[in-house]
Amino acid sequence: MALITPLREAVSSLVRDGDTVALEGFTHLIPHAAGHEIIRQAKKDLTLVRMTPDLIYDQIIGMGGVRKLIFSWGGNPGVGSLHRFRDAVEGGWPRRLEIEEHSHAGMANAYVAGASNLPFALLRGYTGSDLPKVNPNIRFVECPFTGERLAAIPSVRPDVTVIHAQKADRRGNVLLWGILGVQKEAVLAAKRSIVTVEEIVDDLEAPPNACVLPGWALSAVCHEPGGAYPSYAQGYYERDNRFYKDWDPVARSRDGFRDWMKRHVLDTEDFAGFRRVLAETAGPKAAGQEVA
Amino acid sequence: MALITPLREAVSSLVRDGDTVALEGFTHLIPHAAGHEIIRQAKKDLTLVRMTPDLIYDQIIGMGGVRKLIFSWGGNPGVGSLHRFRDAVEGGWPRRLEIEEHSHAGMANAYVAGASNLPFALLRGYTGSDLPKVNPNIRFVECPFTGERLAAIPSVRPDVTVIHAQKADRRGNVLLWGILGVQKEAVLAAKRSIVTVEEIVDDLEAPPNACVLPGWALSAVCHEPGGAYPSYAQGYYERDNRFYKDWDPVARSRDGFRDWMKRHVLDTEDFAGFRRVLAETAGPKAAGQEVA
Amino acid sequence: MAEAVPSSADFSATEIMTVAASRLLHDGTVCFVGIGLPSTAANLARLTHAPEVVLIYESGPIGAKPNVLPLSIGDGDLALTADTVVSTPEIFRYWLQGGRIDVGFLGAAQVDRFANINTTVIGAYDAPKVRLPGAGGAPEIAAQAKEVFIVLKQSRKAFVEKLPFITSAGFLDGGDAREKAGIPGGGPTAVITDLGILTPDPVTRELTLTSIHPGVTVEQVKEATGWDLRISPDLKTTEIPDAAALAALRDLQARTARAHGQSAGGEG
Amino acid sequence: MAEAVPSSADFSATEIMTVAASRLLHDGTVCFVGIGLPSTAANLARLTHAPEVVLIYESGPIGAKPNVLPLSIGDGDLALTADTVVSTPEIFRYWLQGGRIDVGFLGAAQVDRFANINTTVIGAYDAPKVRLPGAGGAPEIAAQAKEVFIVLKQSRKAFVEKLPFITSAGFLDGGDAREKAGIPGGGPTAVITDLGILTPDPVTRELTLTSIHPGVTVEQVKEATGWDLRISPDLKTTEIPDAAALAALRDLQARTARAHGQSAGGEG
């Protein structure tokens, strides 16, 4: 049964050094608040998993908490590179980042296989690509009926998955809607799970066949309004494009990045504190306070 | 692109003798009208597929149109046996029925694999069951990472899938809701598809992330209000339990069955005609006219 | 102040079977529910001592709270009262195979000494005497739920020495045969009948009569069993259904009869 | 009655590239859309000559009809305007792998002579000079769509003799190498750049300049290509963007800039 609990406690008790952690979100509902809390608590030696690592992964990687990244597309959407990710891969700073690289189809199927308690995912994939040459976890199996050759990759089974959603009820049942990405699969593939939500309501008012995660299948639900900022939460607030653009110069320099992280994340108490400091340093619009 | 077309034409052009046909519906939204039309048009040598064959399959089998049945549970829900199905299996009447028998998990996965254009489905299944001894299409493969033994069964790829849904818009986009069963997968696994609907509307008013099948992915959409009778269509009408109970004595005798089918199906023009005759023979309540 | 002690005349054999089965379900348990007797017992538990039990049906409802008993595994009331309704493939893939089910609650046409289940065929598979409905969801429920309860009426026809067909595995040949076959779930922990409760011996896994319903004799139970039934030296008498549970069961069945005009149930 | 003939001064190189790419999309086509230039071209087609084009984005929207260009592959406007929004696994499993995509519309960091795509790395994989974002959906889009359009600006850095890494297959080593590798889709049929349109030779599958944008010289195109580019003996001049298409494109970009304050786009 999901406990409705403060984010700090959820991260403290559920994310452990050395864990494999997936913070998922496909552009929409990216769990930034939870990512910051992982940084504040200085979780170490993590293996991060995500189809589309973006700014929050750039931050966790840049702070040195990550040993390995399993992913399929890493960039700053609409802007360009993830400079901290690139520096870790190209320059080994602040530590060498091991990568295991897939295609989106591979990752999406690996989450499905994980949620289904299968040891591997089966797909038509990677044909003609060099990815199997650099990733020994891309193998091939034969169909026992037709003899066809199909790709096989290990399931993703995170120790913890973290997502953000629109709402939860008081029993911890969670509703998300709009762009769903792989969040449901990522949660069900994981041993433990944390869901931050925009609001906690008496009744989810979920449409029939909506994407609802029952509270009993989750470990913790945390009330973090605005917790997907600077990404968006459909029905609540828009993405703050300026933050994404402003991130590029911040992340280009190691020192600039460290200074920014200290001021905005390490020296703030929580995500609300981060938003307040951001409003001071970048102006209230950049902190997204007009919409959140 | 789905053509909005009369059911008679859709069945005539899309269902062919010798086809593998899935009429799916998991208690809810069972395409009875389309099944009757297949019987009226005397389609032959069909391989029928369905997780839960019930009355409409009993009728098609009893009329001799079926060579083989691929299924996982065959019964009259809430009542008992399917006597025509049993007579075909136990007594070879009106012809010997070949069966390929799975579990629900196997069938559901086989539809998913079909919709995913995979040649086989992978599952943890059939362990300790005698089903693999009698079904050579249940095989086992080894995980290339862990060495675990997993069940493999061929994908279901029907020539035609037929389902019933609540509504379609004028472009042939279809919305279904409530108990969804395997209908989406069955449609997407098939080469051709027919969807009968309760109503055709200007705007589906589908909730976000609802189960919508786009018109361009379907072959034909047919307006058949009440077409799931005697099963139910959530939001439109309840199941007619009396019909299910009344079916038992009808189906027990070969002659009684043939007479009933002649009067109610072969000698009627269409499903509306069937409903009219049924109202005469069984009383208006049994024909479900108070709810449809 | 002395209340009348209820006697076996106050409830039917089916009622004590249903109440006894329902008592085994704990509050908060995640239960994969078969239609018919299992569904009645599971809903009775929800309406009495286990309001937080989570009922999952193979047709897709998760957290169903039906007001009347479903006639079939896919009734509309299951969908309308559930926390969410997913597709049938998702139920089998993410929820059952995903390892999220505490209790699989099954019916059966026949069981054997080691709690294996037959719902496929009487006679030879290729030349059946009676063709039964088939497997449905049971093989994987029996294999993957953390534990399994089986509920069915006891008779020589139903409790047989050797099944003509094992549809769903109990303990196979007994002992550690189930574990050796690589079956993940814990297997049947109770077979609840109209005469008593049978539980597997912890070592041999042979079904043993461990509780007998009041008013039933050991001879009657042995008579209704197709093998030489082991009787526990510690044989208990099943607790009599309390008045509240009986009232709840009868209310539920009355509501169901009014809604459907019948009370049986099946897959489909 | 003589109208002024539009000249190359009336539109930018990016504009003719975008309009030329959009023209290749036919009405009713089911198109799997990459973000950035492909998304601009596909939406322009939808807003002009192909109102029934079906746009599918890997984040889940099917039949998206965004009013402004998405900045990322998962913008809210895609979800709100779509016929339905499914999960990302479903997009890749039922819709792309399911064989339902007519055209995969991709961008690229680099392409080679046989229209293979690199979006992974410049330099060695284990010691990268530039680490690019990676594969995203492209390997399976390139493999499984019935045909593929690639749109990118032409330069020696982008059009290279040999890719350091093949992320997504075009025709591999040319000839029937793609078919021999068992890749189901038809592969790239056009590479649309700011200088012209390259199409694969029907036999050797080598990219050949078959259309050159007005005002561009063959020498310029060769100069911007990292191998000795084949020029079609039948070389055509790309049709000039008509006024309606240009107006629609500029309107779309102005709306987008107003909505987002920028116009680039990426996955994520």
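Note that the chains are named A, B, C and D in the order they appear, and that numbering of residues resets to 1 at the start of each chain.
Here is the rule we go by: contacts are C-beta pairs under 8 Å (C-beta built on N, C-alpha and C of every residue); 3 or more make two chains touch, one makes a residue touch a chain.
Values in this document were obtained by computation on a predicted structure and should not be read as measured data.
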Enter the minimum step count from chain C to chain D; a value of 1 means the two chains touch.
2
Chain centres from averaged Cα atoms put chain A and chain D apart, in whole Å, by 28
Indicate the whole-number Å distance between the mean C-alpha point of chain A and the mean C-alpha point of chain B.
41
Which parts of chain B, given as residue numbers and ranges, touch two or more other chains?
112, 117-118, 123-124, 178, 180, 184-185, 208-211, 234
Where does chain D touch two or more other chains at once, residue-wise?
79, 85-86, 93, 97
So which chains end up touching which?
A-B, A-C, A-D, B-C, B-D
Along chain C, where are the residues that touch chain B in the complex?
35, 58-61, 71-76, 78-80, 85-89, 91-93, 96-97, 116, 120, 125-126, 128-131, 133-140, 142-144, 165-169, 172, 178, 181-184, 260-262, 264-268
Along chain A, where are the residues that touch chain B in the complex?
117-120, 122-124, 137, 139-141, 143-146, 148, 150, 152, 154, 177-178, 180, 207-211, 234
Tell me, which parts of chain A touch chain C in their complex?
1, 112, 115-118, 173, 185, 188, 206, 208-212, 214, 216-217
Residue numbers of chain D touching chain B in their complex, please.
28, 30, 54, 62-63, 79, 83-86, 93-94, 97-100
Would you tell me which residues of chain B are touching chain C in their complex?
26-28, 51-52, 54, 71-81, 85-86, 89-90, 101-105, 108-109, 111-112, 123-131, 134, 149, 178-182, 184-185, 211, 232, 234, 238-239, 241-242, 245
